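What follows is a set of structures for review.
Same chain, two partners: chain A is paired with chain B first, then with chain C.
On to the complex of A and B.
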């Protein structure tokens, strides 16, 4: 009975730690996607951006010895990919979704190309903030070694919320995303607002990618993002385009992702692959539950609703 | 969502005096010249990339050509890769023509292969032809249901089919890994988990005189059938109307749901059949090896072919050659095998960018006005 209780609490601790750890890429990508979609454009290419961010951060950290420089460079590379996506979707007759698929292929191709030489070594990692020093339990201790990017992500969510709700620029982005024609008649440049939102959004997503390679175990592999960039797009729909709700949703997705590994540490190894697939299943269920043809989703930017037809 | 580029809708301003035939002809020319131009532009960008990566682009292109078309041996290599690409390309093409963009090709390929393996193992006592037929039908059914599910989610629930079908790819892979390590696991395959093998004597044969398996014939026939279905039947017309303007299609009373689901089912069935071929002709069993990426490259094929089944045939051969050259780039030019992925990415972006040129190239328009 006691052993069983210990196993359950062990899974719970591992799950909580995994949720915090695993949520970080989701937080950054979903915030980036949220901003992009608020301006009335979808960026499905976040998977490519995430991979490029992960690879760049790893490479630069390995080369310069400074993980923070890695994060910054990743953000810059993400911005460039965002610029390409924005440029592509600005062209007439180019569909956002198709452009996203192309950007996934392009971004992952580049990341695999440059990442080939990084498969073996370990780059300097970001420092962790240790909140678990008080506990003698190694499981709790390791669960509470939290990356500073987690707090940056939380700050980012509240900042984005504030910017969108209270600043001139943010309100204009909302106007462009909700009612492009009205915004145009007010003299707001749709192209300019969407371009900037897409670039900043992709740059944020790339920081999420940096977390993948600069936090324990800190290695680069081609399967490292495993569709998280894609799931973050679904997450934004689930969070109803609210940056603060993105935070909560990211924790949920992080926990789903930690489910497989947590059960494994607790010795439950059957159906390992199926448990590992739980984030994909969760995303699919969330999408089915939250989408509807009959009514426009609450919080959905008007331009996206119109494009859906 | 808007319909994906339909090559046959030409831009012709009202009052244009060209005859319909002439316009069709020009549109045909336009839809060849623009993709070829985009390909050439991608080659230039990729050449610059090669120079930056420290390789001689002319040498690289020569190697790609040699690996793809340099000899009968390399032709066979390209054609072997073209076979699954044709079937996987159709997986995006068919639903796209009915207005639903899906990219679940990889997942449909995997579940098709899995289902075909299970069916093959269950019927291995039967003669080869019967077992292979059952495998093909089961694989096609599995792939078809897989993609139809994504299309149904979009049609009835408004769930973006691109996102759901990509998620299904990951779920398909998880299913494969779980099954070959669990219920279908052959204890003999210790280091590399795989299912039991279908009898060697029951493998899918080759085209006489070559080492190309019959999958190529499946691919070509499927493309021709898809062309006939879309261009020469009433159903194809209905599908095109649905894809072009679903509201108008609903107004004239077309059963949108049935059309979309059938198109998605047929597309998925093609990818599932490709999975069956991969098992029955190449690996003989289900394992992680059947997750070879043909599904993802199939998306590129569909876009390069601008969602036209006939063009899928030669685009697949071209892309098959590109895929076949991965190894030689590594050996001859010290470039990682992911170089081909970079080329694919550049081609994809360029092809998409070239979409904006249709109906806007002065040359075609001028001829059109004069005609």
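On to the complex of A and C.
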């Protein structure tokens, strides 16, 4: 009886720790995507940005010995990719969804190409903040070794919420995304607002990528993102385009991702691969639930609704 | 608070290619007057005020402000003079609140907004404002009339002294229109505001304006004080020498042989997933035009789409000749039930296909255009298209051009040619058929609907223009909130009762 209780609490602790760990890329990518979509544009290329961020952060950290420099460089590379997407989409007759898919291929190809030499070594990792010192339980200990990026992500969500609700720039981004014609009539430049939103959005997503390679176990591999960049797009829909709800949704996706490994630590190994598929399953459920053509989603920026017909 | 200035636009000309949209037109806006600009579609009204506001540069002519020459290079220049415009389409952001929308328009909006301070500032402004609106409501939840009020409030909040309105009452009920224009009239009388209103509603001109300028095909054909004007004279000036098309009268009585189209307890959801049509029942008899009046957005669009098969039905039945109707290609052909949705270019044509192909959409798979049931005979297709173009005078008369290159009126003509020209139509469901059309084109559409009625056909006409419903219908129902809230025969009509029901303020 007691053993069973310990197993359950063990799973819970592992799940909580895994949720926090796993949520970080989701938080950053979804915040970036949320901002981009709020301006009325979809950047499906986040998967490519995530991989480029992961590879860049790893390479720079390895080369300079400073993981924080790796994070910053990743953010800069992300911004460049965002600029490329924004520039492409500004061209006449270029569709943002198609440009995004091209960016997935381009970003991941570039990341794999430059990442070839990094497959073996281990780069310096970001320091972790240890919240589990009070406990003697090694499981709790390891679950509460939290990356500082998690707190940056939380701060990012609240900051983005504040910026959208309480600043001139944020209000104008919302106007451009929800009613471009109205924004134009007020003399707001649609192109500028979307450009800046896409660049910042991609930059955030690249920071999410940095977490993938600069946190335990801290290695670079081509399969490292596992489609999280694409799943984050579904997550934004699930969060109804609200930065704070993105945070909660990211934790949910993180938990789904941690389900398989947590059960494994508790010794439940049956259906391991099935449990590992849970974030994909969750994405599928979200997409089916939200893609009913009968309704437009509340919170959806008007320009996106119009584009989807 | 400064008084409005005198604005003179002298001999303005603006051409688009070889077409002179505005040709040598002068306009004087005297301080604290209400000036109406009337004219048909394409008469150059909008272009003229856009030149006046610096949204477009004029090719010739000058603008004087208080007798000084003034360069109106950008909307900002007009703004500095206190000129502001309420456009035909809403320029509000639906997902933001009224307060956020009002703030967004201000050029002096600070980089970081302290909402409590800002809020009290707006509330103070609203204290003196002519309309009351709830600042914290999202614009998406406002009715069209309230949105129009917010548009005007936005201009007043921007300290506009010369307010230019482009068809401001097209989305309002008559009562709402009177309220809004009455308030503006009051501000003009108080010397706070000059108003320039573009309209085609002559009643509003006569009731509210001081002066009127009449444009026709880009030229100014008349200018007068309203007190020296009459409605017939105004209409004559607007339409010009070309005699307005003769109107077809109702010649036959409504048949009593039982309904041709019967809608029973219909429930349909809107785009937002919420019920848009609620347990609605109606019947249209042969030889009858049933008009659906109501402010747009009360379920008319969804109703028409549901009957036409463009929108799934939650529950209820659509019966044609007593039998259940499912809009398949065969059922449409057999029943002769055709739907003419609003915005025909998007909803009733394939914009990229040629006029000829669009004209053949209902019959391309039948003899004589289809040979052996599947081969398309291009010669026959062109032949039938040329004939339709001739009988319905579609301009330009070239069957090969993509239909989206046609003007709105000609797209509507092409759709009518396709659906009514063959004589196969027995029941027609039509929604805002004259939206964006001028006098002549509207009369053309109306005549065809009337002709169908006189032939014993049935017409279900949903229109946001009450005048159109009144002109055509034998019987009128008012739709509000997805339900029919009132029904009357045309002959027993009481305008004030209709207006009350349209506004959703029916007496219990």
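Everything that follows uses one rule, which is that the second predicted complex is superposed on the first by the 308 of 309 C-alpha atoms of A that agree within 3 Å, B and C clash if a C-alpha of one lies under 4 Å from a C-alpha of the other, contacts with A are read in each partner's own complex, and residues count from 1 in each chain.
Just so it is clear, a contact is a pair of C-beta atoms (placed from the backbone, for glycine too) under 8 Å apart; a residue touches a chain by one contact, two chains touch by 3 or more.
Quantities reported herein were computed from a predicted structural model and do not represent experimental measurements.
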Chain A as common anchor, with chain B and chain C clashing or fitting: fit
Touching partner for A:80 - first (chain B), second (chain C), both, neither: neither
Superposed model, chain A: greater residue contact from chain B or chain C: B
First (chain B), second (chain C), both or neither touched by A:172: second
Which of chain B and chain C A:234 touches, first, second, both or neither: first
Contacts of A:287 with chain B and chain C, given as first, second, both or neither: first
Partner chain(s) touched by A:128 [first = chain B, second = chain C, both, neither]: neither
Chain B versus chain C as contact partner of A:72, first or second or both or neither: neither
Closest approach of chain C to chain B (Cα atoms, Å): 5
Common ground on chain A, meaning residues reached by chain C in one complex and by chain B in the other: 292
In the complex with chain A, residue positions of chain B that touch it: 1-2, 4-5, 53, 101, 103, 153, 156-160, 162-164, 166-168, 170-171, 174-175, 177-178, 181-182, 246-247, 296, 299-300, 303, 336, 338-339, 341-346, 348-349, 351-353, 355-356, 358, 360
Chain A partner contacts - residues on chain C that touch it in the complex: 75-76, 87, 89-96, 100, 103-105, 109-115, 269, 271-273, 312
Chain C-touching residues of chain A, taken from the complex the two chains share: 166-169, 171-172, 174-175, 178-179, 181-183, 185-187, 292, 294-296, 298-299, 301-302
In the complex, chain A residues that touch chain B: 44, 84, 88, 91-95, 97-103, 105-110, 112-113, 115-117, 226-227, 230-231, 233-234, 271-274, 276-277, 280-281, 283-284, 287-288, 291-293, 307-309
